[in-house]
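As written, the chains take the letters A, B, C and D, and residue 1 is the first residue of each chain.
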Amino acid sequence: MTPYLQASAVEVSFGGLRALNDCSFTIQQGHITCLVGPNGAGKTTIFNVITGFLKPNSGSVTFKGQPLDGWKPQAIVAAGIARTFQNLRLFVDLTAVDNVLASLPGQTGEEPLAAIFRPFHVAAAQRRRREEALAILDRVGLSARSGDFVRNLSYGEQKLLIIARVLATGAELLLLDEPASGLSSGALEDVMALLRSLRNDGKTLLVVEHNTRVVQKIADDVLFLHQGHLMAQGSPETIVNDPALAEIYFGGAI
Amino acid sequence: MRHLLRPAIGLLAIMLTVTTARAETIRFGAILPLTGPGAMIGTQQMRGIQFAVEKINAAGGVRGNKIEIVFEDNQAKPDQSILSFNKLADLQHLPMIFTAYSGPSLAMAPLATRKKVLLINAGAQADKLATASPYLVNTLPTIGDEIKILSKYLISEGKKQGTILFENDAAGIAGRDDFVKLFPAAGGTILSQEPAQFGQTDYRPALLKLADAKPDVMLVSITAGLLQLAQQYKQLGMTYTVAGTTFFAEPATIADPSSEGFIHTQVRIDAPPELAAEFKAKYGVEMEFFTRQYYNAMQIVVAVTDRLLAEGKPLTGETMHDMLFTIGKFQGLIPLEFKSNTASVPLDINVMKGGKDVTIKQMSSD
Amino acid sequence: MDFWFSYIALASIYVLLGLSTNLLVGIAGIFSVSQAAVFGVGAYIVAFFLMNDITSFLPAMAIAAVCCIALNILVTLPALRVSGDYFVVTSFGIQLLATAVFTNWTDGTGGANGLPGIPPPDLAGKALEESWQVVLLCLGGMALGCLIFWLVMRAPFGRLLRAIREDELAVAATGKSVLRAKVSAAALAGAFAGTAGGLYATFLSFIDPSSFDLDASILLLTMVVVGGARTLAGSIIGPFLLLALPQILTLVDIPTTIAAAARQLIYGVLLIAFMLFRPQGLAGEKL
Amino acid sequence: MLALQLLCNGIVTGCALGVVAVSFSFVYATTKIFHVAHAGVYTLGGYVAWSMLGHGFPTAVAVLTAIAAATALGALIQGLLYARLERRKATHLVVLIASLGTLAVIQNILAAVYTADILRFNLPWGAEVFRVAGNVRLTMTQLLTVVVSLVAYGGVMWFSNGTILGKQIRAVASNPFLAEITRLQPRRVHIYVMAIASALVCLPGILVPMDFGLQPYNGITPLLTATIAMIAGGVGSITGAFVLAIVITELQNMSLLFIPGEWSIGVTFFIFVIFMLFRPTGLFAAAR
């Protein structure tokens, strides 16, 4: 059986710095896989490589058996992989629902000709797509705030919105960069519940997470990255309870 | 649409005129480049008009009426000129407007015909100005007229191998085109030509390249930066003759030793020394060629106005136009005659010698 | 032709240019200072077709629009490759290059002397000789431009452009092609500029390179900044206000010797003041 | 002969523009501000010097006053305008437009005070002609321009590499955030940078008009050439900016041998646009 997503011997270096060093792993469909490791381990870099924002010096990534070498980000999204950013990168001057709408694929009126020559058709299509976007907002529990500008949302709400936005792309594999960091415990529970329900709906999740408690609660599988290399892979219990890894994670990080 | 707009526009126009106009004041317009790269010459022209008006008003005005000029800045651009023209013609109903620069004058010419507003140009010399509109009157000959005389003179002096340094704008190119046509017609040969950008005063590369063709004479067709050109010519040790048109009449250039031997045609327009001194005392600068031209043009306008008032005729573009040709001959700073829209004026061949501009031959532009 | 007529006609033309600049600078974030060059190409093309009696007005306008679409895509291509400030210099260079072509390609453009005697526009075989007809035509052009701008900006395309201006990377991450959107914006801006050029040439009946130089590009930028970036209202207010400003100022009593410089000075002060205290312009959004 | 004289003239003009490029690059590399108003500072210097000479002050006093005025203007622009905009987190576009506005203000104040006429420096010694290398003729002003420019270039190199302030400036340029936490106070450093760059640009601002005359609207062309030189040379490289300024001026001058002069500016920018498309990081960037 072909692995769902496989990274093989990926190397990335910036100047003299090796961000990823012979990094190989696979993740399974329908799982929540957590990517852990100390700062600078290369977690965000692997996201950049998978989503086409960064070309690896060598090595490759395959998705459902198909190599993604040299693909543009939009082609990778179309293939079914979408990501979030650690610093969110929401469109703060747009409303919540517009943020979601901006991510819905294949809209009529997305190029000027249709917008000019078929205005009524475009408007009708927009009404339908808006319903769709509202449904996605409802899915993450933000339907009450759909018309609000992003800059007026709380941090927790913004974190939910970024998930709504990545859902809107229709991707089946979601790469989430620290979706739970900096949240209050209440909001944390909401996010974790959401992630689990996404998995139950058939999405596959690759999540960068620092909080071991969160990892233990949501992860089906854990990848431990250190100095750009995969140190260990296993269930949350085995990884969290490995004293050698804990030493690297807590001792080495400081 | 028209029914709605007309009253509103009329009302506004009345409001605006009431606030600014005085009953006994005769108002004319002037559309000149007062900002941007053309501002240097535009300012000289404006001063000429201002100086003349101040003197006339100090002497009691024209038959007791004070003269006032409404200045408009067109930045030497045709679109600004159109806006300004329409403002002066429609909003302020001025019968006569001074203009300068070929591009703007040519752009306004059709409007002047349509609205019967007299345009007086005392600065631009493009050949097309001669026939652009019956309402466009030029008080100085076109460049073509000057180049024709200059070419003949140069050939008669045995200078048959020519090069051209021209400013890359309407006025400079007009001079080049005329020389390319008229110099060979008079028996000469054009060896090469080089442009200079308007406002750009580094002429060395062009001077050097032209010198390489080993000419007898270089025609210079530029409107600004002549002094810099003369100095660079001298510094580079050039020996060919430098020839030009009326644009050469810059006191600072003439006074500078580097311009020794420059030949040019000169629309004769001398200011009496006392007048020039008075001007200098007032404005702190020399009374330059364009200042004198517009001073002179203002005298023509005053003569026309005076005669119209004396005959009790209304002061409109049409009456002024007709009266100008009825009078025909004027004596301002120079004798000047309108046989066509372009005045016949005395034209001299001058040589710069020992800091002075010396006339060596007197002719007329026709 | 009444003063107000020519004011309205010119302002309408500049609104089209304002929309073009706004699309490119305000919305797509491509800081172009060469829009006047594209404007000029449109003007020269229409002038060429009408003066040589090759086509009537509308086909000439269509040809100009198509050429300017292609041209604008070409001149904004560097923006897709080099970053902000570098593109400004590239754009300056393109503007100067265009001015050099307008001035020196005498056979095509009449050179620095310009092209006088461009025939008036015609519709359905009838020449629009009356000035109010031309004004109505310009107003019509402006209205059409505004309608298109409005339609486009309320469609998903508009939202996509706004998103791109905020965060290109995030847009790429949602699977949209930033390149395609920017090229589309450039194309639309080119069509606006080309049409404006055609109207300008037929309205003034005379064009020369001085109307399409760097100063014109900077004036356009000032219009968008003062009016307000990224909104329809801003694109309309800016041109109408800035074209009226010199006329209003002449009614104020300033010594004529410095009036002209003072006017330009006020443009400068306006630019600084708006950037310091109201970067969104009179009716726009934050730049 | 023609080629040699063209070459020498190119070096003179190129050196002057080189200093403009170096000073602009200094500002741009440190503050990331596309300081178009630098052209205004350049122009102001010349006018101040001209004014002082006109009032009978000795040349040295005139030049020093001009430098002081330019320095003050530069610091003021940074302190009153750019710093404020930065505090408001203004985008690049906003700062650039404000800078364009500042340029318009400076130019038009000068035009209002001094008129738009070409003003001439009345320094007879400046026009004295020297024969160099065979039959190449250069004026005193031109020779002085080369010497002063080279000294200025050397000075900047020494300042940037050999002094503490220069090193601090480079630190701020390479990483303003890091500089902030190490208490280098980027804001103050930015004012220093603007002041120094303004003093520098004042030198060609006086020397070039001594040769070609003063005009209020004439600062933009040298600045444009200078920015091209900076970018083509690689942002942050002092030598790159200086050398490329000379190369570009030479290209402009020498192209006269092969093509009509009206296209020489066009050709320069055409080369630049091509450059931008294929090597946008600049020639000297790799050497850094």
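The rule we apply is simple: a contact is a pair of C-beta atoms (placed from the backbone, for glycine too) under 8 Å apart; a residue touches a chain by one contact, two chains touch by 3 or more.
Predicted model, so just to flag it, every value in this text is computed and none were measured.
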Chain whose Cα centroid lies nearest the overall Cα centroid: C
Selected interface, B-D versus C-D, where C-beta contact pairs are more numerous: C-D
Farthest chain (mean CA position) relative to chain C: A
Centre-of-Cα separation between chain D and chain C, whole angstrom: 31
Centre distance in Å when chain B and chain D are each reduced to the mean of their C-alpha atoms: 36
Centre distance in Å when chain A and chain C are each reduced to the mean of their C-alpha atoms: 42
Length of the line joining the C-alpha centres of chain A and chain D, rounded to whole Å: 48
Sequence positions of chain D contacting 2 or more other chains: 108, 111, 116, 262, 265
Chain B, residues touching no fewer than two other chains: 35-36, 39, 43, 168, 195
Pairwise touch network: line, ring, star, complete, or other: other
Contact footprint of chain C on chain B as seen in their complex: 1-2, 5, 9, 16, 19-20, 34-36, 39, 43, 46, 50, 70-73, 75-80, 82-83, 86-87, 89-91, 102-103, 106-107, 109-111, 114-115, 126, 128, 132, 168-170, 172-174, 195
Parts of chain C lying in touch with chain B, wherever the complex brings them together: 1-7, 10, 103-104, 106, 111-114, 116-117, 132, 136, 200, 204-208, 210-211, 215, 243, 246-247, 250-251, 256-257, 259-261, 263-264
Chain D to chain C touching residues, read off their complex: 28, 34, 81, 84-85, 90-98, 100-105, 107-109, 111-112, 116, 220, 224, 227-228, 231, 262-263, 265-266, 269-270, 272-273, 276-277, 280
Residue ranges of chain C in contact with chain D within the complex: 25, 29, 31, 77-78, 81-82, 84-90, 92-94, 96-97, 100-101, 103-104, 214, 218, 221, 225, 258, 261-262, 264-265, 267-272, 274-276, 279, 287
Of chain D, residues touching chain B in the complex: 2, 5-6, 9, 13, 108, 111, 115-118, 120, 127, 129, 137, 139, 211-213, 215, 217-218, 221, 252-253, 256-257, 260-262, 265
